[in-house]
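One chain, chain A, appears in both complexes that follow, with chain B as partner in the first and chain C in the second.
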Partner chain A sequence: MTDPLLAPPKKNPQRRSTSPTRPPEMRSRAALGLTAAAAEGRLALQCCAECATWQYPPRDACVACLSNDLPWVDFPPQGQLLAETTVQTSPRLYYRERVPWRIGTVKTDVGPIILVHIHPDVTPQSAIHLTAHLDRAGQGVLVAMPPQETSNAMDAPLMRELTADPKHRRVLLTDARAENAPAMAKALKDAGAAIIFIGESESWRPYTARAALQEIGVEFMPLDVTDTLSVQTLAGEIGGKTDILINNAQFVRPGGALARGDVGFAQNEMDVNYFGMMRLAQAFGPGMCKRTADEANSAVAWVNLLHIGALANTPEYGAFAASQSAAHSLSQSLRSEFRTAGLRVMNVFSGPTESDWFASLPPPKVLPQSLARDVIKGLQAGVEDVWSGDIAKDVRDRFRRDPKVLERELTFGGDGP
Partner chain B sequence: MTTLTDLAASLASGTIRVVDLTHTLDPDFPVIILPPEFGQCARFRMEEISAYDHRGPAWKWHNISMSEHTGTHFDAPSHWVSGRDVPFGSVDAISPENFVGPVVVIDCVAQSNANEDYEMVIDDITAWEKQHGTIPNGSWIMMRTDWSKRQGAAYLNMREDGPHSPGPAPEAIKFLIDERDILGFGTETVGTDSGQGSHAVPPYPAHYYLHGAGKFGLQCLSGLDQLPATGAILIAAPLKIKDGTGSPLRVLAMVDNT
Partner chain C sequence: MTRRAPASYNGVVLTAPFSTPYQRYSIDTAHHWIARALKGSLDSVGLKKNQLDGFSVSSFTLFPDSAVGLTQHLGLSTRWLDHVPMGGASAGVALRRAARAVQAGDADIVACVAGDTNHIDSFRQLLSSFSRFAMDASYPYGYGGPNANFALLTDHYMNEFGATRTDFGRICVSQRDNALKNPRAVMQKQLTLDQYLKARLIADPIALFDCVMPCAGAESFLVMHEDKALQLGIPFARLTAAIERHNAHADDPMQLRGGWTLDRDTLWEMAGCTPLDIDVMQTYDDYPVIVMMQFEDLGMCEKGEGPTFVRDHDLTINGNFPHNTSGGQLSAGQAGAAGGFIGMVEALRQVTGQASGTQVKDAARALVTGFGMINYDRGLCTSATVLETGVRA
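Coming up: the complex of A and B.
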């Protein structure tokens, strides 16, 4: 078992903050399959389509039959710890500041011997459970965990490096008026967040959820993501202690271009969903990037809540979906810009949520509690992409099979003009 | 020329004071709230283009955006369906002499303090006239409530059944138009109608009657407590927006300081 992580003491203002450094980032193109799977919390390795041989490390041809048909397949995670060592020093700055660091080899039940990081709760030469995570460079790495869950396992320094756990961290939720705000705040509180700042726009306009939020115990901060000055002002105030930013501000109205007849709502959608994210990034991003190695409550993750229409347009909400595509594309740009600092961008895709503006759609819909649960699980796992609810998963799978077929399916018309 | 020369001298000596009746255009200033499926009034927004920096080395400037009906603003006849066919009914077409005129202030502060839904009635007007004489034709009428001193949520005063703020009764507005041929009507609240004005017959009676008769509206005014009941001159010139139905503006009054 691991000692539970205690709330970090107040920072010594005379100590230099640790600079953000990263483990090595370079990988071959073939090896990025491991990262792609780890980015959504899956452990996958190449498995030859012709001779069914698993292989590690990833290559361009099968070690057994030279086939180049090497799909990435979910890998059976059982194995045995073979050999291990504890690194005491390293020329790599990232490891140098984090030694001792336990690594070793694992003999997996289905064959390959794999190089892994080892969780402190794993006993020598014992059975292990293999998991895949993203490291601070955003690359997939493999971790040997104990086969049975141990207490406080995620509090180990290794896991704090590989995850974005809200425990003891200070979170900014950008929109108190969003229908998911109370569920999100509650889930963060339950996950051990130290402070939940919540952005409140237009305090001159009452809203019903305020009492519930107050009861959960959030800190209301003036913030309107469409107002650049308000974003900059809040970043000036709490940008230095925002460890996780969850952007739940979203403007949505039904209809495509013809159903509306003007660009008013579309401008609102872009202003909140796209420019809002950009304003937040410009104001909070640089400060968060500076603090990604700042002890136990370091800046760790940037979360966007996106509608699945970001991948393929959903015409009943055609104009809104366009804003989601814009936001999704910007999130990829942010990933690249935050990568150097090791700040993770996590996108949480969902289908229609149980909310006013999707009321006309039939179920299934994503409940605020389910969305909040998936956000927390994603942060605790340290992934980049979360698919919340059946519709998001279904659209994702169809998108991966054939984007054009999906587009055609989503854009069936009716009869007549 | 003598009148204007006298005016210049009075302004210079301070015997005539210029009073600002305008709220600051602030991104967080309340606007009217409609059911969310309707198009909404854009809030005031400001984006910095440069600030003596790499984006423009020696100058600072902003792009601004807002609705025609954001902040302290002017309503033209074409703002309302009843005024859609009024000739010269848009801000760019209104003849400029309409932008300067005498202003009458009807004090409804006590009534509004007692009743947040207070509707100014004809009796309030006749009581004013008993003291100050008949309202001259072509005057701006200001309904003073001191509502502009309210802050935050108390300004719109929005509740489950809509906003609650004072405004004119339908018959009072009709009286001002038909019997006093006013130039326009102004309030300190977010609109020329009361908060509950959508439930009146006709809905939004001030908007409906004023603009149908080619009269103007001013709302979100502040500082009406600095005006005398009568005798001041109001200067309220909207931006010259092509086919504009209204405009944010700086509302000024010239007040005799002697």
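Coming up: the complex of A and C.
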């Protein structure tokens, strides 16, 4: 059992904030398979396609039969903790500032011997449950958890390093007018967020969800992501206490290029969906990057809500999907820039949501509550990619199978002449 | 499959043991330290470097050079050249190869040298590029380096065999006693068992005095034919047996034994003696748990009886089981790859009567064991060598 994490006290402005440092990031190409699976919350290791031997550390040839065919397969997580130590000193700054640090050797039930981080609730020389997470360097690491769930397990300092849990953290949700805003705010509140700032453009213009938001207890902040000055002004005001930024501002209209007479809507889509993200990043990013090691309520994650059309164009919303591809590409650039500080970029992909502008599409659609739940779960797990709803998962799987086939599937024009 | 018995090392001798003083930090390079040790060996027996025709190097900090670059750097022209990057097993492995080269006539005089520098930041940098498995699967976890790896092995050994910290302490304290008689040793203050037990923890159960002190320095010796040594009229030791093994017992979940167990029968058969006939033993002592493992795996005692063995024996120079007489790496310091040579060079001094302050009386037969390269979760290389007095100084 872990002691529950208490709300951090007000910071002493004279004390030095811990500088952002990271565990080692260097990995071989083979080892990135662990990271790729951990990025979406899965535990996978190499399993030889020829002789079915599990192996670890990652190799370029099977240790049993020398085959090169080594796919990453979901791994049975049971094992036994054989030995452990608590590192008290390390030449690496990241660990030097976080010792004592508990690590150990696990014998997994299916074979491989694995060096792991150990959760404090694990009993010495006992059964463990293996999980994979991304560390502050953005690389996949393996963690020994107790075989049964224990209370407040995610409050342990180790798990706070490996996740982006909103508990006690201050969150900025960029668009109060988005259909998902009340559900998102409610879910954040329930997850223990300390403050929920919510961006509100043109505050003189009424909208129905405002009362619900007020009731949840959000703090309304003037913000228009298409206005650089507005973004900079708000960053000046709350940038120093934004721990999680969730960009839910989105402009969407149906149609591809030919369905529209001019580029007006497309400009709006790019202005909100692509440049909006860039304005937010330029204004909030540097400050958040400096605060990634700042105690329990440190800056920890940047969340983009993206439409699955970012992966492969969905012609009914062809121009909008292009803006999503642009936003997705920018998110990867941000991920690379933020990673040096240990700030995580989480992309939440969904299919059509239950909203006015997707009304013409058939179900299934993603409900605001489902989307909000997936965002929270993603933050609590500390993943990089979340696939919300059946359509997003379906497109993801097809994309991974064959992007060209997916393109054809999505762009069938019906039986023409 | 039955193994062919290895040919005897008949005629192969070791001479000219030389150790540079060790230095905690150095602004000089590995090239500097290796040159110093090589010169020391050659000068001690009155040879010129152009009389060398074989050269073997072990070093971690020569980058971007290897043995080849050193030939031009040091002005050596050899017909046999070797690079042995096997850490704590380097001396045994280098010697085995050099011995066969001398026997076969591929070289007449081979210099085996190991050395490294230690800049302020070199240890940290060495860690970050040590091995691919370490980079992928061990250092991201707490970045404790070898301290953490050996802490896990020590934890497991203690649980399995009931060893206590006091047992490990006996090894460290007796080596410190030995080091006080070696002016080259970095550690020159007495260590008590109480100080050992109260030292600050580094990675439990490993505490400060279980860890070696990284430093700069080099070790060297020459390998040649007995006829050559007699002709030069210099003291020498005979090589009677040598084994090496890599990545043994891969299916053991944790390392409680090393590759010596696969080859020790060969070793004692070649040496024509038993563990009881050894006058002085030099083990690889980074960390003390590995010392116990070497006592067990070479047959000094049964598996799991390492703790009893150290309780029942006095490991100091004048004790009933003289061990790591120069103070070993624990007290003399670990000069990188030279840590793999320190035992061999000291053993050579012992059986040729050149050990001065650390001399074990009438030492005629020495066992030198090596252990190296924690690639991921265990040490992969093991070696062992038996030396006998040829001609004393």
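The rule is short, and it goes like this: the second predicted complex is superposed on the first by the 414 of 417 C-alpha atoms of A that agree within 3 Å, B and C clash if a C-alpha of one lies under 4 Å from a C-alpha of the other, contacts with A are read in each partner's own complex, and residues count from 1 in each chain.
Here, a residue touches a chain if its C-beta (ideal position, glycine included) is under 8 Å from a C-beta of that chain, and two chains touch if they have at least 3 such contacts.
Because the structure is a prediction, the values reported are computed rather than measured.
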Item to check | Residue contacts on chain A - larger count, chain B or chain C | outcome: C
Next on the checklist: For A:S126 in the superposed arrangement: first (chain B), second (chain C), both or neither?
Outcome noted: neither
Checklist entry - Looking at the overlay, does A:G264 come into contact with chain B only (first), chain C only (second), both, or neither? => result first
Checklist entry - Now for A:D224: first (chain B), second (chain C), both, or neither, which partner does it touch? => result first
Checklist entry - Between chain B (first) and chain C (second), which does A:M26 come into contact with in this model arrangement: first, second, both, or neither? => result second
Item to check | First (chain B), second (chain C), both or neither touched by A:S90 | outcome: second
Checklist entry - Should A:S67 be classified as contacting the first partner (chain B), the second (chain C), both, or neither? => result neither
Checklist outcome for this item: In the complex, the residues of chain C that touch chain A are 123-124, 127-128, 132-133, 135-145, 147-148, 151-153, 155-156, 159, 200-206, 253-254, 376-377
Next on the checklist: Going by the contact rule set out above, which residues of chain B touch chain A in the complex?
Outcome noted: 27-28, 30, 33, 36-37, 39-40, 43, 45-48, 152-153, 155-156, 158-159
Item to check | Complex contact set, residues of chain A against chain B | outcome: 202-206, 222, 224, 226-230, 253, 262, 264-265, 268, 356
Checklist outcome for this item: Given the complex, residues on chain A that touch chain C span 23-24, 26-28, 30-31, 56-58, 82-92, 94-95, 99, 101-105, 107, 113-117, 125, 135, 137, 139, 141
